[in-house]
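Two complexes, one shared chain (chain A), two partners (chain B, chain C).
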Partner chain A sequence: MSRYAPPLARLIKELARFPGIGEKTAARLANFILHESAEDARRLAESILEVKEKIRLCRVCFNLSEGDVCPVCSDPDRDGTVICVVEDPDALIALEESGTYRGLYHVLHGVLSPLDGVGPEKIRVRELIERVRGGAVKEVILATNPSVQGEATAVFLMRSLAEKTVRVSRIATGVPVGGDLKYADRMTLAKALEGRRVM
Partner chain B sequence: MGVRTHLRTEAIVLRRTDHGESDWIVTLFTRDFGKIKGIAKGARRSRRRFANTLDDFCCLNLIFSQRGRGSLVFLESSDIVEHFGEIRLCVEKTALASYLVELLDAFTPEGKPNRELYETLRGFLILLNAGAPMGNLARFYEIRLLAACGYDPALDRCARCGTTMASAPSLVFHAAEGGVLCPACLPAGPPGLPLSQGAAKTLLLAKRLPIPRLVSLSLTPQTARETEEILGVFVNHLLGRELLSLQVLRQIRQFSIDTSRKNK
Partner chain C sequence: MSRYAPPLARLIKELARFPGIGEKTAARLANFILHESAEDARRLAESILEVKEKIRLCRVCFNLSEGDVCPVCSDPDRDGTVICVVEDPDALIALEESGTYRGLYHVLHGVLSPLDGVGPEKIRVRELIERVRGGAVKEVILATNPSVQGEATAVFLMRSLAEKTVRVSRIATGVPVGGDLKYADRMTLAKALEGRRVM
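Moving on to the complex of A and B:
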């Protein structure tokens, strides 16, 4: 690291903290920024700050949002009687891009993960139960990933919602077992939603 | 030395973490090489080489290779031996299976073969998948794992002087001493944990029986309580912490009690 002038070394160190970014890649990115115009570099710095200042969680579904309520929840054309439960905002975006779903979402921000110490209180399960208790919801679609943790979470949610008067379904595994929703193609995702089953 | 030797073994996945955009780092316990940690390149995007086997506590046939002198091996490909589908359908069983692998992971160093330990984990996953009572399984697994890792607690003789305790009317377990103590060796300090002969004998038997026969061995409510207490305290004493999956298992049970109460 000491080969670099201190300000550059500092930038490399910051960039190397990102997931999947090693020191070599960090150095390449830092060099790119160094050779950019001051204007471009300022825009990058500002957008980082803006994300931290402006993005919060939707009061209703916990999707990332600029306002108090996210665009999906405030869209009057969406079907408010159906909630699709996803692990994280990336999965929500993947489903939105498939273009086939017209209901609302609930973002758990994680899955039950015993090995990581993540129990039901660390993800947004209580909030989901409260939403369903509210009465407007008729169907809950469980769209957690078909990994061991995603399945365990789905089974757990199904049981937690069992006594409510809602239909609970699980997306079909058009997505491969052990997989990650983020990397499935459009067709697979559309099929997965179409072929959901009652649990 | 350019050629990479491919090694083959059966293995069980202990833990899987994302690495970058497309790789997984996977910790496995292998039948022939002990615990290994490897990188599965591209496994998150293309599943063909691993055929959906690299998921928690899956049992698989693995081909891997050593690269350089680092401890991270290169996972080449795998196919499934057993998914343990029944465990995946139950959140408590999933949490307990997580406990089995977490406990083994905590007690084993990388690269030290231990065939007995491998067969123990595999045998207990099979029992759990087949629906054996969870509380008993956890205790029997703990005692066998401790024995296979060289931490066998003394239950029929004094941990200090070796006097036989097999006919003592009652036993006192001291985690810091590694077992029960005879009256002469009992320290003046904090009292130990009470352990009945019934509980001690059940654990000793659980250590000897072939794993499939453990389903015929049962714990009474009292011996279940005692064995959970002493083995829990002993494991925490050896590791210096409580395992996360046990805490999550408790939280899941508590949450379910709370929500079903609210619904009434």
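Moving on to the complex of A and C:
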């Protein structure tokens, strides 16, 4: 590091803090910044500051939002009777990009993980139950990941919502479209068999 | 992209301009920035601006430098009679990190590449010849990469310096230390044989 001119060394150090970015890649990125126009560099720096300043959580669903309420929640064409519960904003974006869901969301911002000290009070469970208590909701789709913690969270939410007059469903687990059974792991195959549907 | 809140979408777009960073990685990096402290984000943004503002080329060797003359050129302990010619500042850093070279450098900032319209006037050839003409230099080590263009540039520089009373040498090409002959390509093996030295 000490071979670099100090401002460059500082930038490399800052970039190397990114997950998955080692010192070599950081040096390559820093070099790119060094050679791009001052205008481009300024825009990058500004958008870093802007994102910290302007992005907040939607008051309703806790999606990332520029305003008080996110575009999904403020869209009058969305079906307010269905809430799809996801772990994080990326899952929400993936579902939105699939283009098949027209209801609302609820972003937990985490999953239950007792070993890491993450209990229901650390994720947006209380807020979900309050939304459901509101009365307009008819179905809650649990779309946490099909991982150990995602499943545990789904089971917990299902129980928490059991006394409410709302349908609680879980997304299907199975062999992905375009996937090949010979490359699917045993758990996925077991789930695919278990979740089979009459044609 | 449109699924992201606008400031986040802008940051992702800026980050995706980096070489080797696609949209998914850019989204991951943007997410990291979103979740780090405002202080950390500010430091990153500032170091981007700082690098554009403060880094310039050393007046002597064209290495990246914070001041007018780079630390190598201003170090009185370096041997001013040897100049090692490299393609770019990264090559200089790699050589410095090897810890075996005590002379000065000359950074060309490119290699001859007629197909891309890069002739001698586009890289720092004239400045090298002027440095050599100064008289203090006894040896010029050509350390451009052992690629087609690096070799062509080395041959060109060798000819340009031929009339000067200076020794012109070329770094060795061969099997890298720790390398295995069975994985070395034919060209490298040919060069390693050609460059063999009596033990």
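Things worth noting here:
Basically, the second predicted complex is superposed on the first by the 173 of 199 C-alpha atoms of A that agree within 3 Å, B and C clash if a C-alpha of one lies under 4 Å from a C-alpha of the other, contacts with A are read in each partner's own complex, and residues count from 1 in each chain.
Going forward, contacts are C-beta pairs under 8 Å (C-beta built on N, C-alpha and C of every residue); 3 or more make two chains touch, one makes a residue touch a chain.
Keep in mind that this is a model prediction, so the values were computed, not measured.
With both structures placed on the common chain, the touch criterion links A:130 to neither chain B nor chain C. In the superposition on chain A, A:44 makes contact with chain C only, not with chain B.
Once the two complexes are overlaid on the shared chain, A:20 sits against chain B and chain C alike.
Of the two partners chain B and chain C, more residues of chain A are touched by C.
Applying the stated contact rule after C-alpha superposition, one finds that A:11 touches chain C and leaves chain B untouched.
In the superposed pair of complexes, A:68 makes contact with neither chain B nor chain C.
Once the two complexes are laid over each other on the shared chain, residue contacts for A:120 go to chain B alone; chain C is not touched. With both structures placed on the common chain, the touch criterion links A:32 to chain C but leaves chain B unconnected. Contacts of A:79 after superposition on the shared chain: neither chain B nor chain C is touched. In the superposition on chain A, A:96 makes contact with chain C only, not with chain B.
Taken together, the two complexes place residues 19-20 of chain A in contact with chain B and also with chain C.
Listed in rising order, the residues of chain C touching chain A in the complex are 3-8, 10-11, 13-15, 17-21, 25, 27-34, 36, 38, 40-55, 64-66, 70-71, 89-90, 92-93, 96-97.
Chain A meets chain B in the complex at residues 19-20, 112-121, 125, 129, 147-149, 151-153, 155-156, 159-160, 163-164, 176-180, 183.
Across the interface of their complex, chain A is touched by residues 15, 18-21, 44-45, 47, 52-58, 83, 88-91, 94-95, 98-99, 101-102, 244-245, 247-249, 251-252, 255-256, 259-260, 263 of chain B.
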